[in-house]
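For clarity, chains are labelled A, B and C in written order, and residue numbers in each chain start from 1.
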Amino acid sequence: MNRKAINDDLGDVPEAELDRLERLLDSWQTPQAPADEIERTIAAASLELRLRATPAESWPQRMLRLLRLVAGELPFMSRSFWLASLLLYAVGLLSLLQLQQTPELALFALAPVPMLLGLGESLRSRDVGMLELEMSCRYNGASVMLAKLSIVGVYTAALNSAASLWLSGTGAGAQLGELTLVWLTPFTLTTAIALAVIMRMRGSQAVLLTLAVWGMCCLLLLLSPELGHWIGRLTGGLGMMTAALGGCAALWQGWRVAQRLSTERGADWLETDH
Amino acid sequence: MIGLIRIELFKLYAQRVVYIAAVVFALLYIFQFYSSLPSAAERAEDRTAFATYGGPLTEAKLQWALDFNDAYEEERAAGRADALLRDLRYRAELKVSMEILNAVRHQEQTMALSEREPQLKQPFQDTLPHSQLFTIPESDFDSPQVYSTNGKPIVIVNQEAWHRIVLYIQEVGYLFAGALVILGLAGSFSSEASSGADQLLYSSRHGRGRATWAKLAAGAIYCVSALAALMLLPLTLYGLHYGLDGWDVHFADYRRMASGTSFGGSVLAYYSLQMLLSALGCIALGWLTMLLSAWSRHLLVPALVAGVIFLLPFMLIMSGIADSPLVLFLLGLFQHIGLIQATYLDRPSFEWGSSFNYNAMMYGYLALSLLLPAAAVLLTLRRKQVM
Amino acid sequence: MRLTIEQVSRRFKRRQALEAIDCELTPGIYGLIGPNGAGKTTLMRILADVLRPSSGQVAANGTPTATLGERYRDLLGYLPQELGFYSYFTGERFMRYMAYLKGMSGAQAEGRITALLRLVHLEDQRSRKIGHYSGGMKRRLGIAQALLNDPQLLILDEPTAGLDPKERIRLRNLLSDISGERIVLLSTHIITDIEYIAKEVLLLKEGRLARQDTPERILSELTGKVWEVETPAERLGELERAHLVGNVQRRGSDVRARVIAEARPAGNAMPAEPRLEDIYLYYFGDLPEEGGS
C-alpha cells in the first residue's frame, strides 16, 4: 500500500496523521525471540518433519522388513550353534540309519533337534541380559527374536528336506512326500512344546529338558518296535493333519513368546526393586 | 559340612527341569504299563490259578500239569484251542501248567549239564520214570514235593510282577535314571562359573576343598534319590495290580529272568543288591557329569558330552557295528549303562570263551568309575582359576 | 524436542512402582535421584519404550510415544543399569550389531563406531572379546552404543558405575558437551556426577516425583540448615538420634559430622554450604524419632 492508496482509501485522515503513522512504522522493530527459543523451535520443527517423513509401515512392508532383519541377524548368530547342530544331525542320522534300515525313525527322531538347539540361540539375549537393550532399539527384542526363530526354523526345515531328498533317492523305498510328513509332525509339535517351556525357564535349561525328553521318547520307540510302527502312519492324512495342528500350535506359541517380550503386554518380567 | 551338603542339595532339588523330566518319564512308563496291562479279570484268574496250583511243586501238581498240557495239545491239534483260550480261567491254568513244565524242563537241562560236570552234588535218587527229578520218600505234605538239584523245593510263582520290577532297570529304567542324573548334575559347577558365583563360593571360609566334597556328596545323594523315585514307580504299579507276593521266593525260581543264575537268595535280596549296585552306577555317572561340568561354563556342553558317553555303547551295540579294536575299546571304556543296569550281579564269567571273573572285573570298574571322576573333580577345582 | 510425561503410573503384580508422574523435559541434562526402590529404573524403562505405563502416557512433541513406536525409538539412546553382552562378541562386533538394531546402514555405522570407540577409549580393545573386558570397559562400551544413532533423547541408568574417577569426569564433560540439543536423563547414586552439570534434578521417592527443580533452587532450601559439628565420638550416637547426620570423619577421639538441622545442633556447630548430597539426605534420609531417645 502506498501513500496514494492510503489517501484514496482513507480520505478523511489528515496528512499529519499519515506522516506520524509512516514514521511509526519505519521505526518499528520486530521483537526477536531469544536465541535458545529459536534453536528449540528449529529442533522441534526438524524433529516433527522427520517424524512425518517416516510414516507407519503397511503389513507387506513389515514382512519385507522382517526378511531384511532375518538377513541381518544371520551373521550375528553363534557359529558354534551351526556347527553343533549340523554335526549332531549328521552323526545322528547316520547312526540311526545304521540301527534301522528304514529311514522313518531316523528322520522322525532328528527332525526337531536343530530347532531345539536353535531356540536357545534365539532367546540367548534374554538369558545374557541384552534383551532390555534390544527392546529399546528400532528393531526391538520381539522382532529380533522372531527373526532368529525364522532363521532356525528355515534351517531345520532345510536340513530335514535335504535328508528326505537324499533318503528318497537312495532307493530305500520311501517317497519324498511321505518322508516329508514323517519329519513335519515332530518338528512342529516339538517346537510348539519347546516354545511353551522356554517361556518359563532359561533357554539353556529349556533346550536341555526338551532334548532329554524327546531323546527318551525316541529311545523308547527304538526299543518298542510295536510303537515304532505307528510312525509309518504319519505318511498319510493323519500325518498332514498332525503336521498342520503342530504348525498352528508352533505359530501360536511363537506369537505368545513375541508378546511376552513386547512392551504392549506389560513385560512383568522386568519388575525390579530399583 | 552337613550344612554345606544341605545347601548343595537345596540347589539340586530346586531345579524345575528335574521334576518336569521325572514327571514326563513317569507318564511315559505309566502309558507303556497300562497299554500292556491285562484286564482285571484276567489278573484275578491268574491269581486264583497260581494260588491253586502254584507254590511248592508237588508230584500231584506236576501230574496235573502234564495231564492239562496233554489235553491242551490234543485240542490244539484238533484246531479247537482258540475257543478254549477265550476262557480266562483256562488261559490262567494253562499259564500255570506251562510254568510247571518249564521248571521241570529247566531242571532236566540242569541235570544233563550236571552229569557232564561231576562237581555238582546230587544228593537224591531219581524215582519218577518221566523225569529225572528227585523226591523225598516220605513227607508231611499230601503229595511228595519235587526238589531241584540244589536240594530246595521247586516253587511255582506268578513271575510277572517281580520279573518286570527286577528287569525295569535293565529295560528302560537305566535310560530314565541316566537322563535324570545328567539333567540334574550338568549345571552343578558350570552354572556357578557362568554366573560368577564361584568367586564368592571359593572365597568363603569353607574353602574349595570342603565345598567340592559337599557337592560330590550332594550329587551322590541326588543320584540315589532319583533312582529311588524311579524304582518306586514299577513297585507301586505292579504292587497295586499284581501284588508283591513272592518276594521271599528264591531268585532262581524266577526262571524267566534267572536262568543259570548263581544267586542263592530271595528275589527281594537280589532286587535290593541290584538297587545298591545301580545306585552306585548312577553315582559314577553323576560324578562323571559333575567333572564335565567343572570343565565348562555352559550347561549344554557337559550335558551333551555326558549323554554321548552314556549312550555310546547302546548305539554301538544296537547298530551292530563290527567288533573292531576301537569299538571294543569304547565298549570297555564306557560301561555306565552296564553299571546302572547291574547285570553283572550274577554273572560269574563272561562269554568270550575265557572264565575270568566278570563280576570282579565290573566291581573293579565300578570302583574306578567312582574314584577317578571324584578325584578329578577335586583336582580340577583346587587348580581352577576364577575368570 | 519436548518430552512430556503425563500422569504416568506403573503397577507390577505385587506393588505400585510409579504413581502419577507429571513432568516435562526439554534439551539439557536432568539428574534423576532417589533411593533404591524409588522407581528410577522403572521410569527410565518407560521412557526408553521398554515398558508401557499402566496409565498415563509419554509424549514426544505432543505425539504419544505409543503411537510413534519405532520412530520414537529411533531418537533414543539407552544404557540400562544391568547390561549383558554376548561374551563371544568382540567390542566392534557388538557395536555393529547395535548399529544394525538401530537401523543404521553399514556406511553410517562404520564411521560412528570408530569415532565412538575412540571417544570412550576402547579403540585398541575393539577386537577383543567382551568376555575379557573389565567391568569399566563394559560400561564404556555401553555408553558408546547409546550414542550410536546420535540420539535426541539419551537415557543413562547409572552410567558411571564401575568407572574410575578419570573416566567419570570425562563422561560428565562429554554429556555437558552434547546436551545442548538433546535431552539427557541420567540416574545415579553418585551425586557429584550431576551436581555440576544438571539443568534440573528430579527427586523420586516411593514412586512419586517429590521435586523437580534446578539444583540451585533445591539447594537454597537448605541454606542455613547444614552444619558441621565436631564432637567426641561417644556423643555421635546422641547426635544421630536427634538430627540427620551425613558424612562423618574420625579425627582421633573426635568426629567431624555433617548435620542437617533447622537450628544450630550444637554449640560449636559451624554453618556449611549445602550440597546436593545433603538434599538427598534431607529428602530421603531417616528422620529422627520424635522427642529423641
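Throughout what follows, a residue touches a chain if its C-beta (ideal position, glycine included) is under 8 Å from a C-beta of that chain, and two chains touch if they have at least 3 such contacts.
All values derive from a computational prediction rather than experimental measurement.
Summarising the inter-chain contacts, the pair of chains with the most C-beta pairs in contact is A-C.
Centrality by Cα centroid goes to chain A. In terms of their C-alpha centroids, the spacing between subunit A and subunit C amounts to 33 Å.
For the pair subunit B and subunit C, the distance between C-alpha centroids works out to 64 Å. Centre-to-centre, using mean CA coordinates, subunit A is 48 Å away from subunit B.
Touching of two or more other chains is recorded for no residue of subunit C. Contact residues of subunit B toward subunit A in the complex are 15-17, 20-21, 24-25, 28, 32, 171-172, 175-176, 179, 182-183, 186-187, 298-300, 303-304, 307, 315, 318-321. Residue ranges of subunit A in contact with subunit C, taken from their complex: 39-40, 43-44, 47-48, 51, 54, 56, 72, 76, 78, 124-125, 128-130, 132-140, 144, 263-264, 266-268, 270-274. On subunit A, the positions that touch subunit B within their shared complex are 84, 88, 95, 98-99, 120, 197, 200-201, 204-205, 207-209, 212-213, 215-217, 219-220, 222-224. By the touch rule above, subunit C contacts subunit A in their complex via residues 1-2, 12-14, 17, 26-27, 36-38, 40-42, 45, 48-52, 54, 60-61, 63, 68-71, 73-76, 78, 80-88, 93, 97-98, 100-103, 145, 152, 181.
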